[in-house]
Each structure stands twice: as structure tokens, then as C-alpha cells.
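Before anything else, here is the set of structures, which you'll find just below.
What follows is chain A paired twice: with chain B in the first complex and chain C in the second.
Now for the complex of A and B:
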């Protein structure tokens, strides 16, 4: 601000910023919020959606403050006439105090909320182990559906140890029943990303990474590989099904019938599979 | 300095564009009424430059000549009869699930004329899989000590091979990639390499038009 320029009123900037921030936050909460990714197809996805809303609500006023100041600078702070430098910020302990306290509060609040959200999405209340190891952070229900996700270049296959170890090329789970994904790989590192269910777990050779989720309602969900795994990585995707209890029972029975010829050739169910040495190099 | 940088950028762009656009030719399927037929051969070694030791597919064109390509055009909403002459030896399936034919008419493949609902996973040398169409067929390899094995393409009917046939019903038009699921190059833990990641060798496209 030019020294002695009485046309610039800091309160004007604050009022504009405040009004725009309130409008933006209300729009985020009530208009954008319900449609924010990854949706509400599971408890985990819903927690992630809420986290995205909170972050957007916190960050929008900061972005608007920058844009408001920028707009004011373009329109009102334009230098006219003789150039005069503005008042120095250095040594203004009050301004520095506001800056340090303000940014500290924002960072600490985000850290606290982040810790809460991480716990909420990895506790039994909201389900989900994070997929960083062989055990869930908290135990899944006893009737949880166990599904092994076998990654390979360039497709996922799915094995159901509770249903005769049948292995399928299609993933189906049951609504309102916790599903525990055991993700592994038989070649390179992949990442099993059931986007709409809020689950993303690395598929690593020799490792059983576990995460759980509880789909809310029947429907479909997108499955993608989220780890660059070769030339066809971008094609490593499919669509999963969330079925009703009866629908899932029919589906798994059909899969077992169709897979009958190959069942005897599948290896015994294990948490990981190391290819036979003669098949490793090709 | 600026001129040199500009020349460098142009050269890099030219190399990338040339590389990306350098796809093998599209081979049209033989058609007869509502059916089409595609014939591949699968070989352990191409036998010619630039990669004589790379494993590869070849496809037969309408003139009956073998073309080093894996891009095939077939009609939509029709029955496509695939014939694959496999001249390669067995290396086994890493995932035995692929031993069962999927997505084919009747859920079967024929191996030397015999219908099969599954093959021994250890006997497989390759697969022909179109993941987006849920099609996968395993190709049994020739015996290790079989006489008159082929090492230079194109292989002939007199050389040791297995004949695998299957039928697929195509749906709507689309651009579907296909691949082999056997790690017949590189392998655990480095993954597929060379011919497995190169269109024109062990993977390609099925253009349904």
C-alpha cells in the first residue's frame, strides 16, 4: 500500500474475504460435499469424503484470502504518480505474531483432525486396516468375507477361501457385510484400488497386505491398479459388484460351478504365492 | 544456445512420435457371412532382426501370408474362429487359473482337435487373453524332445506344433488389448519385459469394427 493512500481500507479486504469465505464454505458443505470423492459406498469411503470436505472448508478461506488480496492489489494498490515504498513489515511484532499463531493453529488443527480421521477409518467403528501389513489394526467381525486379491501383469484375480478356494476374474462382495481384502502379487508391485469403497492396498510379491471395508448398498465399484506396473498398467482395471446376501450366494455358487474344471489345479490357499522356480524366468 | 535447444526438443519429439506411431500393421480377419477367422502362430524365437531371440506371435493375412503383427481387425456382433498354431515349448502357468478357457463359445478350446475344458497348467507355454472381454485361452506347448522344432519364422505345418482352436462372439465395436499371461520373458520378480511389453510380439489389439 502506498504511504498515505487513504483509499485503501484493510477492513474492506477483511469483509470481502469473510463474505466470500462463508459463501464458499457453505457451497462446499451443502452443494459440493455430497458429491465429493470417493462417495459413500462404504464407511471408509464416507470418512474419506468427510475428510475431503473438512480440508476443503479449511483451505478455501486461505485460498480466497490470497485471491482477494491479489484482486485488491490489481485494482486498488496500483501505483499512480510518484513511487513510494510501503510500510515495513519487519519489526512489526504484532503482525508477525498473528502470522505465526494463525499458521500454527491451522497446521495443528489439521494434524489433530488428520490423526482422528486416520483412527476413525482404521478402527473397527469405521472398519479398515490401512493395508500396510498382514493384520488389521482392529479385528474384523467373525463373519467377515475374506477375499484374496492376486495381482499380476495385467489383471487382478480374486480367491474366496471360505467358498472352496474358488478363484475368479470378477470381484463381488456382499452389502452390509465386512469384506477383508488380502492383497498380494505374483510378479511386480501393484496397488489394488477399489476407489468407490475407499480402499487402496499395495500388492507386493511375498506380502499379504490386509484392509477391510463394509459396503453400504448393492451396486458397482471401480477397481484400478494404482501403481505403475508396466506398459499395460493403464488397462489394469475392472468393475466390482456389491450384491445382496441372496445375490452373492447365487453368484458364488455359479462361480464354483464354472470353475470346477480348474479347481483341482489351483494351489492350496496360502497368504502369498511364490511361483515355481521353473516358472519365474519364463 | 536457443537454436541448439530448439533442435534438441524437435529431435526428441520426433523420436517419441515416431516410436509411438510405429505400430505393426493391422491384419483383417477372413470373413465369411456372419463369421470371421483369425489364424496366429506362436513361436519361441522370431529368428530375424531386430530381436531374433524374442518370443512372438504372427498372424496370417487374407492372402495366406504370415505377418509379424498382433493387431487384428474383426467384425462386431459376429462369431470369430481363432486358430493358434503353437510352436513353443511349455513353461507353465504362473497362475493356474488361466488353464481353463474363459469367454469362448461353450467354455472350451480344442487342442489338436480334442475339446478341452481345462489343460494341465504345467503344459502351457502361452495364453491368448483379452481381459476386457473376459477371454482367456491357454496354449499347450510342444514336447521338449519333439522332432523338427521351429526356431525361425514363419514356421510351417510340417514342424512340431499344437493346433488350438476356439470361438469367441464379439459384441459392440471397440479397441481391445490382448496379452499373454505367461511370463515368457523376464519374470519374477522383475515382471514382464521385452516382447511381453511390446505390441507386435506378445500382446496387441483386437479391433472390433
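Now for the complex of A and C:
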């Protein structure tokens, strides 16, 4: 039943696919990989960056396989000359079996890798920077910096329980010291997104939602709210600081001095807060 | 086929129609406001929040009843209830009044759906254009933050509500009875009701504007939704009607497909489009009640001060998130499955080959339907709900790509050694595979917890679901439209304009949504009205592409007007030489569809099969037309 004008050699598809896939994967690993978001400013961000690379390396050949097949099929198998029907091929159970086993294997490997990355306690990136509920998947070191992130419409404020419960409007953390963010909200659902640190934790009223990370060098990072929280959601962003050990000590001392007059008016430190019901605010 | 009632009305205007429905709506609305105010004055909570949501909900509720009564949809059940012989609705058999009054003809309802859905698609699309206007510059925004969020919420809600019946509405209703050899749906009056709810929920959603809009987007999360003004009530009531329509549609289609197949139409001869409708109805029937429950609790929290979602008084915002996504994730497959059905229905016709691996394709559809109920918490990976559940949802979410892969396998197998002709429906179907592949593979990033931590809530998610819904479902919708419109209207569309529509839409769609993946990965959150200055180039690129995408829709509308109103070239009965049963009936399709109930003799995709029988015997069966209905 071979039709001279419209047959392609399956081997040709495989060769084109192999060549393109190798090129794409090399480009992903060596050209794109170092710049893959969200960067490497913390162990968690780096873990996410690696995951993004692994996924791209696995998925690119799949996309290329489908596209190569379509490109070749669409150019070769056209209605030419006299209009007639194609060969009545109903299916191929062996090929279907290979496809099912193949896709299942890829999926299981990806899920296993994702789970490993999530729990890999040795890499100090366990939890991958996502909100983990009231307790961390793997405990942080004893000297970790504890920071409470209080979300409200439309700003984040930060409370440092190890430093006299001081509350600040600027977030500063210390490089090479694990920081544990305790995110909560006093009105609606927000999401604390410290992009460069690879942190995203929903702030939910009545919930102490925890994630940890270890920034690896001094610098700044972007903070944004990532959950729609009302009219000024788009303006709910700021810049956080990663300071050296000495820099952080003097920064927190200054914050405590400044906040001294108002500290006694703040509610006592708790893991969650239940303010009085708010009025309707549109 | 004029009835006695019609002969007394020479103009052919049915006694009840859209306009009597509107009168009923206004009367009901006024009564509802009055009742709501009477109730509200006795409720302490109303004076505490200084806003009476009772009057809003009562107005919508009574308005709905008045509208349905005005349309004449209530007379049958009410007459039955009091034991009187129901007066058969006046059927206008021809002319525009058919489309402006209640009809129980599934073909009229299919076309009513098509025009109604088209209108909403246009309104939702204008919303998208305005959103992209606002994002032309990083700041200051062009619209006020409240206006912008209302645009985002209306665009999202309108599109989600509209696309959930974009294929099931027009094509499901028009084609399923024709494809299975039936003369009508199982419950024609319920079928009419589900359509007439469609313009109503669209209108109610739009009334949110008069209350100052709503700030929550299409997800309606509390506590923000509890805090919001009365515009939120419009969202809640509209979505409630959508859920009701979904359940009714699901029961109707399911009963039709299971019980009304023509003799000889065994399950392994059922067209793949009908299979996709069946799988979709399972999702609708099981998912929509959860949405109703969530919306009911939200209504009570808003109107009566209950605390289902108030953490300070023992409730939890997580409850809504879980209920919403238990509906919401099957919902996205309610959107995807009909698209799979349409492209797999169309590919064999233009490849001139049987559908490759029919059983695998069917099990793919059913597998997606089954798995879609086990994945909902992937929307909540960073929410703080038990973190150790995440690997399970990661696994189930990634597993769903296996049955989705079956659809790709069937499509690719069908093209092997085929004799492809590149007509417009085929182009749209092929574009579906291109777009959905990108949409599907980007979904793997969102299912993987570590990479989802960065991508969740960002433009990456936005790009992902626009690739699956716009790039998948809407492209499949247009494939179906170009394929079946000649049968549905009896008229040919202009092919040159259609090709222009396809190429401008395909290119500008990808140019619009591909950069959004990058924007999201680089840190731009969804639903913001201002953004960092260094994102301006990509945003401007996206906006300009989106305007071209809008322009491509105008080409389509121009084609529609030109072909259906100006040139009116009659279409052949079977212009694509399809084996589908729906193409074997004359054009225009007779009111009773089939003169006699057909006897199915062969599968619908036996292209190229030597000595294949015609798909059905349309003449031999012994059931006369009069008793079939």
C-alpha cells in the first residue's frame, strides 16, 4: 500500500528529532541554564532554578518530537492529484503500548524528581521555599532568624520576635543565616513573594504559614503580593535587603531605637492575629 | 406547521418571547428589591455593615423567576402541578422570532446558543483589549485600580462562564441528536431552560458594573469577597445560575446520549465528539454542585454574618478554596474535553483516514475526566494546607498528561500516510495541537512544586491557561464553526476571509501569549495594574499583539456578516464528503431531523475502508416520523 508520492522514512524523523533535541538541550543547559529564573540568590531559589532546567531538558525533546512529526507529516502526506482516501489504518496496538508506557515512565520520573527536590534535606533547600503550613518540612537551624510577615491591605510589615518584637516596614535579613518567614494576614488572603529568594507563602487569616530560606550573599530582593487582595494589589510591593552579619546587627538596633516609642502600643506578639471585623471596603 | 394559536397572529409573533421575558424580569426585579428591603430592615447584620445584600439577591432571584415566567417557561410545570392539561408552547417555525422565543427544537437552541455565546465572547474580548490598553505603560495606570480589577474580574468571569458552554452549547445541542440519530434531546423543555439562563447570567454579571464592580477576579476568594461591595452579589448569583445550567445540561445530554442512540449505534461506533460530550457532562454533574455549595456559604457570610470563611470565628478561607477548586479544576477540563472531541472528529475527514486508535482516544477522554477530580490542590501548593499532601497532587497532576497524550497520539496517528487537504477547519484543528502542546507542557512546570513556588500566581499561569483555553478550546471552537456552520445555516462562508482570519489569529495569538511565560517567570504577578519599568517592552509587545488578535476577530465577524447576510451562497449538503451521520441529512436540516429513525451500519470514520457500508440506512427503518417525537 506504499504510496510513492507520500511516504516518509520513520528513521528520518528520529534523526532530525535527535539532532534538534541535542542542540536544544545543550542550549538550555549551557546558555539558558545560568540565567534561568529565579536565579541563585538562595539555596531555595537555586533548587527551583535547577528544577526549571531539568523540566526544560525533559520537555524540550517531547515538544520537538511532536513538532518534527507534524512538520514532516503535514508536508509529505498531502492530497495530491486525484482526490482519494488514505489507507484504512485503524491503529497499532504495539505502538500504543509503547506510547502509554513511555509517557507513564516520564511522568513517574518527573514526579519522583519533584518529590526528591521537595524533601531533599541534605541540600538545605527542603520545602523549596513554598508555604508549608505551621511547621517546616525539615527543621531550621537553632540560630535561624525568625521573621513574622504580617500581610494587610496593602502592605507587608515585619516583626522580629528575637529582637524585642520590633515591627518594621522594611524587610532585612542576614546573608548565610537561615531565615524562617512566618506569614499571616489580618484581613484577606495575600501571598508573600520574595522573588529572588525563591519564597512564595500565602498569607491567610488565622494561619501561621511557614517557609525558610538561606540567602547566600548581601544584596536586595523584590517583594510582591502574588494573590489578588483588593484594589491596590498592584501597588503592594517593596524591596528587601540581605545584609552582612554586622550590617544586620546595626540595622536591627537602629530599628529598635526608632520603634521604641510605639512598641508598647503594639498588640503582643502572637503567631496569628484576629483584629476586629473590618468595614466593607470595596 | 402553523398551529391554531399562530393563525390568530398573522405576524407570527409568539405570545411569549424575549421581550415579554424582559418585562417579567423588570417586574420581578422590582418586587425583589421591595421584598429584600422588607427583610433587610429586620436584620441587625445589615445595619452593621450598612449595606442590604438581601435586596440585591432578592432582586436577582425574583427577577429570574419573572424572566422565566415572561418567557413562558413556567407554564408547563405550573399547569402540570395543578393538574391541568398543559398548553403546548407556540412554536414559530420560521423567521427571526424562532430565535427570540422559547423553542424546544435542539437545532434552534444550538443556534441561539451560538449567537448568545458569540455576544459574550465579544464583550469578554473587549474587556481583554481594555486590560491590555492599561498595561501599555508601567505606571501610572490609565484606569483607576477599581475599574481595572472590575475589568479583570468581568473578563475572567465572563470568559469562564461563556467558554464552559462554548462547544457544548452550540455544537452539543445542535449536533448530538443528529450524530446519534435522534429527533430531539431527552428533555427538550429543560434544554430550552438551560439556554435561556445563558443571556440572563451574562446580563446579571454585567450589572456588577452598576454596583461598582467586584475586586476578586473570577475566583471569588473570601475574605476579599465578603468585604467587597454589592458587585460581588452579581458575581455570586451569575455563577450560581451557571452552575444550575451546567447540572441541567449535564443530565439532559447524558440521558440523550445513553438512551436515545439509533439502532446499531454501539458504543464503539459512537462519534468521538459525542464521547467528549459524555465525558464533559460527568464533570459538570459532579463538579458544579460543589460550586453551588461554596457560593451558598459565601452568600450567607455576606448577607447574614455567618462565619464559614471567617477565621476569627472558627471558619476557614481554605474551605472556600478547596470547594472552589474541587469544581474549578474539573471546570478547566470541562473546557478542554469538547475541544479534544472536535479536533479528533475533524481530523479523519480531512486526512481521509479512520481515526487512529479510537479506543485509546476514548479512554484518553474518560481518563482525563476521572483524574481531573484528584488534582485540585495543585492550585494551593503554597497556601499552607498540609504540606505533605503536595507530592500526591504533584503526581496526580502529572499523571493527567498521560491520557491527554492519548489524544495527541490519536491525532498524530491519524495523520500518518494520510491524504490531507488544508481546508480552514483542518487548519484550526492543527493549530489546536500546536497550541495545546505548549499549554500542556507549561502545565508540567506548574504541577512541579519547586518550580510552581516561583510561577504560581504569576503571568506564567495566565499564559498557561490561555494557551489551553484560547489556544485549545477557542481554536477548536472555530474549527467546529467553519466545519459545521454550512450545515447549521445552510450557507457557505467565504474561504479567503476565513484563511485570513486563521493566519492572523494563529500568529497574533502566539505572539500575545508566548512572551507572557517569560514575564511570569521573571516575576510579574497576575492581576496587577502597574508593573516594574523593565517589563515595559514585553508588555507593549503583548498589547500590540493582542490588538491584532482582536482585529482577527473582526475579520471573522466581517466574514460572518458578508457570507450570511450579503452573498448567501447556499452550501451543499455534505461539502466535506464526511461520513458523519449529521452530514447525511439534507440542508437545511428538516424539523424532525430524520424522516425515519436511521439504522447505523458502520463506524463514522471508515474512510478508505474497502467496501465500507454507508454510515447509516436512512430509509429502511419502520418507525414513521409521527411517533418518533
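Following the convention adopted for this analysis, the second predicted complex is superposed on the first by the 247 of 282 C-alpha atoms of A that agree within 3 Å, B and C clash if a C-alpha of one lies under 4 Å from a C-alpha of the other, contacts with A are read in each partner's own complex, and residues count from 1 in each chain.
Operating definition for what follows: a residue touches a chain if its C-beta (ideal position, glycine included) is under 8 Å from a C-beta of that chain, and two chains touch if they have at least 3 such contacts.
Note that the structure is a prediction, hence the values are computed from the model and not measured.
A.B. asks: Looking only at chain A, is it chain B or chain C that touches more of its residues?
C.D. replies: C
A.B. asks: Touching A:103 in the superposition: chain B (first), chain C (second), both, neither?
C.D. replies: After superposing on A, A:103 lies in contact with chain C but is clear of chain B.
A.B. asks: May I ask you to decide whether A:115 touches chain B, chain C, both, or neither, giving the answer as first, second, both or neither?
C.D. replies: second
A.B. asks: For A:52, decide between first (touching chain B), second (touching chain C), both and neither.
C.D. replies: second
A.B. asks: On the A-aligned overlay, A:143 touches which partner chain: chain B = first, chain C = second, or both, or neither?
C.D. replies: So A:143 meets neither chain B nor chain C here.
A.B. asks: Taking the superposition on A as described, I'd like to know which of chain B and chain C A:157 touches: first, second, both or neither.
C.D. replies: Only chain B; A:157 stays clear of chain C.
A.B. asks: Contacts for A:201 in the overlay, against chain B (first) and chain C (second): which applies, first, second, both or neither?
C.D. replies: second
A.B. asks: A:77 in the overlay: touching chain B, chain C, both, or neither? Say first, second, both or neither.
C.D. replies: In the superposition, A:77 touches chain C alone.
A.B. asks: Quick one: classify A:233 as touching chain B (first), chain C (second), both or neither.
C.D. replies: So A:233 only meets chain C here.
A.B. asks: Using the superposition on chain A described above, determine whether A:91 touches chain B (first), chain C (second), both, or neither.
C.D. replies: Once the two structures are laid over each other on A, A:91 reaches chain C alone.
A.B. asks: Is there a shared patch on chain A that both chain B and chain C touch, and which residues make it up?
C.D. replies: Comparing the two interfaces on chain A, one with chain B and one with chain C, the shared residues are 187-188, 205, 229-232, 235, 274-275, 278-282.
A.B. asks: Sort out for me which residues of chain C touch chain A in the complex.
C.D. replies: That would be residues 49-51, 141, 145-146, 148-149, 212, 215-217, 219, 221-224, 227-229, 310-312, 316-318, 351-354, 356-360, 381-388, 390-391, 394-395, 398-399, 401-402, 405-406, 408-409, 412-413, 415-422, 430, 433-434, 437-438, 441, 444-445, 447-454, 456-458, 521-523, 525-532, 606-610 of chain C.
A.B. asks: Once bound in the complex, which stretches of chain A touch chain C?
C.D. replies: Residues 3, 6-7, 37-38, 44-45, 47-48, 51-52, 55, 59, 62-63, 66-67, 69-70, 73-74, 77-80, 83-92, 95-96, 99-100, 103-104, 107-108, 110-111, 114-115, 117-119, 127-134, 137, 183, 187-189, 191, 193, 195, 198-202, 204-207, 209-211, 222, 224-235, 272, 274-275, 277-282 of chain A touch chain C in their complex.
A.B. asks: Can you list the chain B residues touching chain A in their complex?
C.D. replies: 91-97, 99-100, 102, 107, 117-118, 120-121, 129, 131-132, 134, 136, 177, 179, 181-192, 196-198, 203
A.B. asks: Which stretch or stretches of chain A touch chain B in the complex?
C.D. replies: 150, 152-155, 157, 167, 169-170, 186-188, 205, 229-232, 235, 238, 258-259, 261-262, 265-267, 274-276, 278-282
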